[in-house]
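I have placed the structure first, in the form of structure tokens, so that the comments after it can refer back to it.
First chain written, first letter: the chains are A, B, C, D and E, and each begins at residue 1.
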């Protein structure tokens, strides 16, 4: 699981707009893809060089330019030049340790967010930094590796879905952010199901392994919250932004995003509380069980203690111990012992000790 | 009890205005009912097809169009067309996992809230998604199943209650929301009574089952809070909304709603704290009881330990043990033992150990 | 002690402006009292019927119309008609379960607050719903039972205290609210004294009963906070209200009210924390005491265990046990035992085990 | 230590502007002192009667009129009359239970704050109510007893310090409040040092007395916070106040006050947390130590239990116990016992039980 | 580690603009350095006396005047005079105990912040007070000792980095603050790595030393938060400041600072929670392990107790104990004992006691 914060000694004091890749390089080659569409036409292809892209800028159609791999400084430099972006933006794109944020510039809106993906095979959560730059006609997205969660949006574009084909880059950006947040909710859903399953097992048979599970779920939830919280803040800032690049009709969609991420936050809070409660239940059950055992054993011992004492008394070798010489002494001793044990049992029972 | 959050893999990335039923389908057929009234006239009937409804739109009277069953995409599509609603609204109506919200549109206000109902027979709480669309003359409500909690409002309309018959769709919407929130309060009332009963039992006889009860009440309260909290936020937004569809005179009623839901929130907070306190009391009582038992038993054992030791001494087979041969040794041993036990008891008593 | 929240099945869905008494009826007959005064004149009498009151409305003097008993719908109806109040106000007056609030209307300000009274004989706190309606010349107060805490204000009016006789209904309302909040502070004072007394006893001799006391004080504090918190919110709203019915010169007094209720809140918070600390101290002291006992007893037992073992060895009946036949064996055994015990004691002491 | 809140039965319902001393009278006679200065002149003397003061009002110089003892109603009345203050101000001055506050009036600003002083001999903290009234040319301060913490300010005035001699009553008031808050910080500093010393001792040798220390420091911190928190709120209000009595150039100083009191608050929060942590460490250390002892003792006992059992076996008096009659039986028994004990020790060691 | 708050008795009541060094003097001589640059020229040298500096004020180039050592009152006085600063600024510079803050003056902006540095050799964190004064052409920085963290900025200036050489004092100030905050993040990174390493060890083998580590990390985190929190507040105020000294284009950088310090805060919060969780895990693991040991030992003892009792019975010396005289009695006793032990073991196993 990713570290909460990371800054190497080398990164300190570097100029914020210096193009320097910060993070772990995950792929070798940078992959460029372009989808260009309007209500009627659709063009989709892999692009070889960045230099092919600027021409789309002049077209009225919406162009979605996706870049997988953010470690190549030259490409970043070229994009900055072609689109006339401030260098600070490209530096932010290349910094995978940055906090989710939205920033308005003269000619674009820059958005960065963590993209989480549940890998169903390994059951691990993959984190990836996603950056979006919204300009008037072109939406540029930057991802760390090739696979992404955006296939449904591409499908919607391909299938001529009316809404997305008739809207601008703002709606396209919304659609992508919507999927990112849907994935947050999905991941919480999956985790939530595990937590609720744990609960049932917990009441059936409390095992030591439960602690490990609770702890690992807690850590996972912590990690999710750490990513969701600043994203929520970012979405809030986005929905309050009054930019010409965001059409009035898209506003309601950003409100929807806010609702979704609020739901994610609240659910993660609820599961957090449930985990705490589970820990308490576990402790209570375990300690109550141990107490029962110890109580049983102690009572058991206590009953034998006076009996052993009596036997000890008649094991002494005094010359004169009158009881030793009566014929029925031995049997009387047994009777006394049994009566004593029964009295003690009754007494303990009466005081509700077992 | 419903899951806190639910998102299936399939739901990710679907366009937000795609009409897709998300949730568990609870009834087969969609049921349509219309109540149309003004100060003087009242017309109430079940409607066969949605196409009968739009005609009410032109009448000056207030029309309450209620739809039970939200899984039928065709009907939703038709309503959207007839009333000229944005498709996003209908998509929200069909999503039972959505968070309570209020959203203003050009021609209507959309409200969604969770409707909770205490089923007195099964003692379970039923959750249902309720959506309201307020237009100028028509109020449309969407429910998941047939039964609802709105009968008192229908009664008020039928009984010619002056206020409701003279007001518009805004007041009608208020009346419905008021009932929904009254039910929140009622459910908390019922739960609160159980919690207070538990308290009395707790002090009389602390049993293991108390933990289970506290835990289940805690879960129930958690569930209530999870539904009430976003509803409260929604009501707040509603009362701050400056829409032409909400008459100035209705404003004071929405303030009332706010007061009620605040009361619900505060009470649930209080009961939450009480449950925490009860858990503490339970633990304290249980552990204090166990401590008393263990202390008693330990003291009991400790008294016999030196006595058994003495008996052991005179059970040894040394050739020369002078004490063994005095005539009264055995009786002296008993006396010493008794004196020793009494001294220990006095010592323990003096140090307030029992 | 009153329930935190109460809503009966019957109350759900009733129109908010329906005049229906909600609560427990505490007296049979409604009692009406009028005090009418200006700087020079004072008239004070019990009134038989509500119809006598409206005439005061036209006088320039300040009239304080007090009503004990709020269950009579007819009287409420008549007041609403005479003073031209909205019916919602009267419905709020009759609802003892409502949350403290302040609401501005066209012709009046409606205030409701919980009046708490420390009954010095029974040591119980009585709760009563108090409603005030401030109009230009008349202040109407509604109480549930006859006795109240307002006698000092009546005295101030009777004794020609300059300020109150020269001010309007707003200052009179302030004076009444001031007393209500003074009583909050007084009740917290009384409770605080008990808590501080408990503290001293706690350190002298921790008893089980302390838990019960702490718990009952905690509950009481919880109850107070539950009533004070919304009152505080209400006072805040009141002091921010820009109404013609509240003279500018009275503003400073409402700020004073705010200070007082803030003080009440902060003190209750402090006592809450003190109670939590006391619980911790109690637990620590008790468990530390138990630990000492158990440690002592365990060490005591442990010392005898090897001694008893030695005695056991020489109690065996082997044909050949050379030690048994030396003359001083028995005495040597005693010596060995004593030395062993001393060594163990020294060892335990050295490791600071007792 | 002062009570958190105090309201006697008698104080309830008294008119807020009634001149009534509330608190504990600490000195017999009221002491009046006047310092009058401008950039060039300085006059300092004790004044016999209040009537000497008003004349300073007309002078352009700054007059600091200090009154020790606030129980004398006549003097308060006279001041109110001479300076034309509202009676409410004087009533506030005489109420030592009031919450720190700042209030703007037409002709003055009224400030009240708790003055805390560390008494280095008794190591106790003295609390005193301090009231300041800022008018154009005169600053009036009211204290409960004679000694105060303001000597450094008097020194600065006497030593012709430029800034204070050239400024008005507002800067003088700032200088006094600055000292009050400096004392808060000093008291927290002193307490903080004790807490940090405790920490070191805690790790060296955890004793029961630590609990008492932690508890008493916690109480003291609680008490400080209770006084600092409303003072902080008051300072905030003061720095936001737009009054003609506060020169623009003094604004930056009130910001400084805010910084200081924020620092005090944050430090008290930090120490609070440290105390909580210390309690946890104490508990952990103590219980871990106890556990070690109990484990040792239990293992010790457990090793002897089977040995004693074996001895018991050969202490039986059966006619036929073949082992008893072999020559080396006794020695074999010893060997078996020793081997058994060693095996058990190895087993326990291997499982890391000690 | 530095104290949370420090105020000596002597510091109370000193005039806030009195030039008095408060803190621990760390170097003997004050060191003055000047870097003067514009897009084309760069001049860097150590300065002997303060009097050389004012001449830079008139140049259009950006001058960074750095002063190491803040204890010399004369130098401060001279700077105040040369640059026409208010004396309060210099007093703030000389007070190392002050809280991070930003304050706007007529001719400058004053910023103070704590500079933290991870000393990689001693693994300790060094704290130093850093003050910045931004004027139109000159940036003055004050440090307590000679070494600093600003070398990368000097490098950027020397290497003709375009951005920094073309910007004003505001951007230079940003670059310095950026490094300070980068160091905060780096320190948290380093601490975070230790905490995550601890976690792995914790699960492998819980030792007592873990408590000490957790406690020391907690203390360190506490210390960081104590410094970061007010810095964050300061940065927020800075980014909201509308001063002519801060160019519009630098605004976006101050937003970046805010993001960074928010990230630092959130990460420190996360690690705080992780430490709490670790403590819980440690406790759970330790106590669960102890419980297992105690349970084992108790069961072990309990099995021998009835056996020892039986042996005791046949060790009695009664004249008539029939069993003693049967030939196989002794062997039967052994069998009975073994069967008893096995039954008990099966019973305990069945009830899942071990």
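Criterion: a residue touches a chain if its C-beta (ideal position, glycine included) is under 8 Å from a C-beta of that chain, and two chains touch if they have at least 3 such contacts.
Predicted model, so just to flag it, every value in this text is computed and none were measured.
Trainee: How many angstrom lie between the centres of chain B and chain C, each centre taken as the mean Cα position?
Mentor: 26
Trainee: Quick one: chain C and chain E, Cα centre-to-centre, how many Å?
Mentor: That gives a centre separation of 41 Å.
Trainee: Please list all residues of chain E that touch 2 or more other chains.
Mentor: 294, 298, 301, 308, 312, 315-317, 321
Trainee: Based on the touch definition given at the start, go ahead and assign the chain network to line, ring, star, complete or other.
Mentor: Shape of the chain contacts: a ring, since each chain touches exactly two and the loop closes.
Trainee: Name the chains in ring order, counting from chain D in the direction that reaches chain E next.
Mentor: D, E, A, B, C
Trainee: Write out the stretch or stretches of chain E touching chain D in their complex.
Mentor: Answer in residue numbers: 3-9, 11-18, 88, 98-99, 101, 103, 105, 208, 211, 215, 218-219, 222, 226, 229-230, 279, 283, 286, 290, 293-294, 297-298, 300-301, 304, 307-308, 311-312, 314-317, 321, 323-330, 333.
Trainee: Spell out the residues on chain A that touch chain B in their complex, using ranges where they run on.
Mentor: 149-153, 156, 161, 163-164, 175, 178-179, 182-183, 185-186, 188-189, 192-193, 196, 252-253, 255-256, 259-260, 262-264, 266-267, 270-271, 273-274, 277, 280-281, 284-285, 288, 291, 294-295, 298-299, 301-302, 305-306, 308-309, 312-313, 315-322, 353
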